[in-house]
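Both complexes shown next keep subunit A, but they swap its partner, so subunit B is in the first and subunit C is in the second.
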Partner chain A sequence: MNNSKKHTGEEVRLMKGNEAIAHAAIRSGCDGYFGYPITPQSEIMETLMELEPWNSTGMVVLQVESETASINMVYGAAGCGKKSMTSSSSPGISLMQEGMSYIACAELPCVVVNVMRGGPGLGTIQPSQADYYQSVKGGGHGDYKLITLAPASVQEMADHTVMAFDLAFKYSTPALILADGVIGQMMEKVVLPPFQPRMTEAEIREKCPWATLGKTADRKPNIITSLSLQAEEMETINLRLQKKYREIEKNEVLFEEFSCEDAEYLVIAFGTSARVCQKAVELARAEGIKAGLLRPITLYPFPTDAISSFADKTKGMLTVEMSAGQMVDDVRLAVNGRVPVEFYGRLGGIVPSPDEVLEVLKTKVVKL
Partner chain B sequence: MSNFNYICVSILNHNIMAKIKGAIVVNVERCKGCNLCVVACPSKVLALSKEANDKGYNYSHMADPDSCVGCAACAYVCPDACITVYKVKL
Partner chain C sequence: MTTNEIINPANLVYAKTKVLNDTPMHYCPGCSHGVVHKLIAEIIDEMDFQDKTIGIAPVGCAVFAYKYLDIDWQQAAHGRAPAVATAVKRLLPDRLVFTYQGDGDLAAIGTAETIHAANRGENIAIIFINNGIYGMTGGQMAPTTLEKMKTATTPNGRNIALNGYPLNITNLLAQLEGTCYVTRQSVHTVATVRKAKKAIQKAFENSMAGKGTSVVEIVSTCNSGWKLSPAASNDWMVENMFPAYPLGDLKNL
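Coming up: the complex of A and B.
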């Protein structure tokens, strides 16, 4: 999973995951970043401030007074059809939920980066994956979903930033990059995406006819709002959103398999846990246990069909997360009782070791 | 820097059998407390400090400065290049 791209002829850089996001944001033609510092994602804004993109591409980088302000500035920028983004870590993302619900309802594209840390509450600054529910089930109010990407390497931090903008604009919906403290802070080699120029106003008018860039004589005023007091109207909006989400679920599922072809036991993990589990699967294979790893890359849409297809081929599944067990629910729904699904997780900022995972695999899953 | 002066003085005052004495200076604000250097140190010199840096990480420091042999293993494993190693021949 590390560096799926071939490093041929491209400049390979060594940087932190957070720094890769900042570089990739500028290169993807981002118009505005609004953020508030919080460990372990502060390097995103620090790097942007260092790179001074307002002098090169004209991208705005602003440290605002709070997370609530940052998501609402993103809302405003997105309403104008601009590529806007914000980033934070778990407690800050909780503060943004209201704005994210508004943006989802107003059907605007934006990118939010969550570099998860241990919770609940103010928690720790160590890595965690306990924001899974919040991200894929909708952390704010109402029936909405966020396209959720789970990078597992610094390369993917850069690639997913570009992909998140593309998906957000394709479906006019917010996209979330769900990383954690390990990938944000880890230094790894990365090939940065190619430079894309920022969209010109003419391009925005063409691609985003809903954007509030000033009314022209040939159209009605564009209004960006998430308020409709008529229940019938609100139901129509909800049905339109649901139709869009079904479309996303049909087209945008991404996952990665690691030695799954002949696997009798399937380990399912995303992000940092997937890196740990890849090693655990290698150790298991060395001991003659036919284990495989399935790593969801998109958490919403979840690779339900892929996991379901393994239910009849495998004898047991193990979900490993840095939480008390959140994604395991979706895995159990996918297999629908056809195969036992066990769970292993560490909490509050502790990263499990491959040996721990192997032990659990042997005692809880293989002996079933 | 005062910390570094202290280390240098402690090196010079320490006239023992080891031929090379070492000392490290950690870029405290860059350190994320990943613990790799603590594990890598063959002389068990390093530990994570009880103090936290501006980001909140417990940074690496010399808990037992007298035992440092200047091997630079900590600097080699540091993923963020936070550690500068000084060596003095005695």
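Coming up: the complex of A and C.
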């Protein structure tokens, strides 16, 4: 009779990053998942279908006709104050951009997972980080931001799912988990988060007084919309959004430092690239090069101040991404020319090796 | 009968439903939207469902439907109302969930969401206003625009070789296993208004009974887009729209 332990214990499990997201979603008290299959993230919906949470927590899991439908179902569910999510990979996320812009403007909380693959176009199914711009610079139309979390392990796939829901509801805004095909597909040890019950309707009415649960006699109709034809009204809505984004930038920056205390050279990388760069930093240290790694955990809000603080302490920086160089723009903005910032990237689904990174660090940054 | 006798509450035989508020409607005089809004409001009131109804508004002339009916609303992206309604109904199965969509929203940009929601047999009601034109954007061709019908983007009339055929999406929806009730109505006479009300009521009752998707098409006028007076629009609709979109039940399970 070990059933209770299965649901509450701190047991260590071995699973894929995609599977960890599915387990963590149920344990977050998620009410609804809506998705469309695409490699390399299909295990998220497959795992949910296998776990059948509608029989345990009552969570709705629906495979639908397109990513366009998925994100609009997330809009509908979120408009009812429900914890809702979808997941996809790069081309599918492109299809969702209109919906994400609507959700951001309507100020609805939800979680979107992008397990990135190489693009542009249909691209490849191999891992990539080339959707950085799309994630943190807008993606859809209009002035909006997505809280963007960048997991670098299977454990973080689980942890970030819980965190993404918490942040989405704290700020009433969409949160994006920006993983890549490596983190989604690889198997690692993970301790799953504890079970949280789904919110009751009474709790939703209290926490989300704007939710469309049916107009009761004691309040006006709740209307979820992103439309305001008066330019002055629309500007007011925009200013409210911008104020919220400044709050998020002030409160929610997360990053991790590795061997940074005495670093003369700083490597900056997120997700899978950060795992590779951690090894590269170890190899550099073994050769006597004082290298350190700063790993942004939130890509929006970006750890601008933390990176800036290293500008006067280091001789050079290297940004490594599985793209042609996107985050490097934000690193350069952070240091504003005070220290040289080099870039190394592999494109189209190639993961760089620690040796490649070490070589670039030595030749372009340390200049031995 | 004196005026005072007429306005005496005891003598009132008709009143505006409380679900319809006093916001002046933006619809053009003669447009069918106002009548359909009133019918929906009356039915919600009669069913005592004001606190249990969530409406899904489209993009198009009816984008502001949420301003006029005192119920909870979500305004969906263009064409996505059936997807939004799917999620709302799945997560709140004891609520009445309906979409209100025009022909461009439902039968052009939202065809996939419409077909798949109906094919899943979502327990929602779809109110479909078909006036054969894009009203909100200034009278361009709709998927349901008739052959030879002049619009802003078919100035010489809809040319089948160029523009394809008018899409009779309601007939398509009637073929799907997920639909339980598919009907085509109009609101241009007292008798048709009464029939349309019964149809919408049935659609709402079906949704609550979990019978599947109900579709009520209302063949409608757009006198501004058609560039006709309201009265002439009604005549034009009877003469031209009804042969292509004949009134009556297509499916009633």
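Heads up, the rule we're going with is that the second predicted complex is superposed on the first by the 358 of 368 C-alpha atoms of A that agree within 3 Å, B and C clash if a C-alpha of one lies under 4 Å from a C-alpha of the other, contacts with A are read in each partner's own complex, and residues count from 1 in each chain.
Rule of thumb we're sticking to: a residue touches a chain if its C-beta (ideal position, glycine included) is under 8 Å from a C-beta of that chain, and two chains touch if they have at least 3 such contacts.
Model, not experiment: these values are computed from the prediction.
Asks: Assess the superposed three-chain arrangement around subunit A: do subunit B and subunit C clash, or do they fit?
Replies: fit
Asks: Using the superposition on chain A described above, determine whether A:Thr39 touches subunit B (first), subunit C (second), both, or neither.
Replies: Touch partner of A:Thr39: subunit B, not subunit C.
Asks: Output check: A:Met186 vs subunit B and subunit C. Expected answer is one of first, second, both, neither. What do you get?
Replies: In the superposed model, A:Met186 contacts subunit B only, not subunit C.
Asks: Thinking of the overlay built on chain A, is A:Gln134 touched by subunit B (first), by subunit C (second), by both, or by neither?
Replies: A:Gln134 sits against neither subunit B nor subunit C.
Asks: Given the touch rule stated above, what does A:Ile125 touch, subunit B (first), subunit C (second), both, or neither?
Replies: In the superposed model, A:Ile125 contacts subunit B only, not subunit C.
Asks: Using the touch definition from the top, say if A:Ser90 reaches subunit B (first), subunit C (second), both or neither.
Replies: In the superposed model, A:Ser90 contacts neither subunit B nor subunit C.
Asks: Thinking of the overlay built on chain A, is A:Gly99 touched by subunit B (first), by subunit C (second), by both, or by neither?
Replies: A:Gly99: touches subunit C, not subunit B.
Asks: Aligned on chain A, what is the least Cα gap between subunit B and subunit C? Give it in whole Å.
Replies: 24
Asks: Return the residues of subunit A at which the contacts from subunit B and from subunit C coincide.
Replies: none
Asks: Along subunit A, where are the residues that touch subunit C in the complex?
Replies: 31-32, 34, 60, 62, 64-66, 68-69, 72-77, 79-80, 82, 84, 98-99, 102, 212-217, 220-227
Asks: In the complex, go through subunit A and note every residue touching subunit B.
Replies: It is residues 16, 39-40, 42, 125, 185-187 of subunit A that touch subunit B.
Asks: Going by the contact rule at the top, pick out the subunit C residues touching subunit A in the complex.
Replies: Within the complex, subunit C touches subunit A at residues 50-54, 56-57, 63, 66, 69-77, 80, 83-88, 90-92, 95, 112-113, 116.
Asks: In the complex, go through subunit B and note every residue touching subunit A.
Replies: 32, 34, 55-57, 79-80
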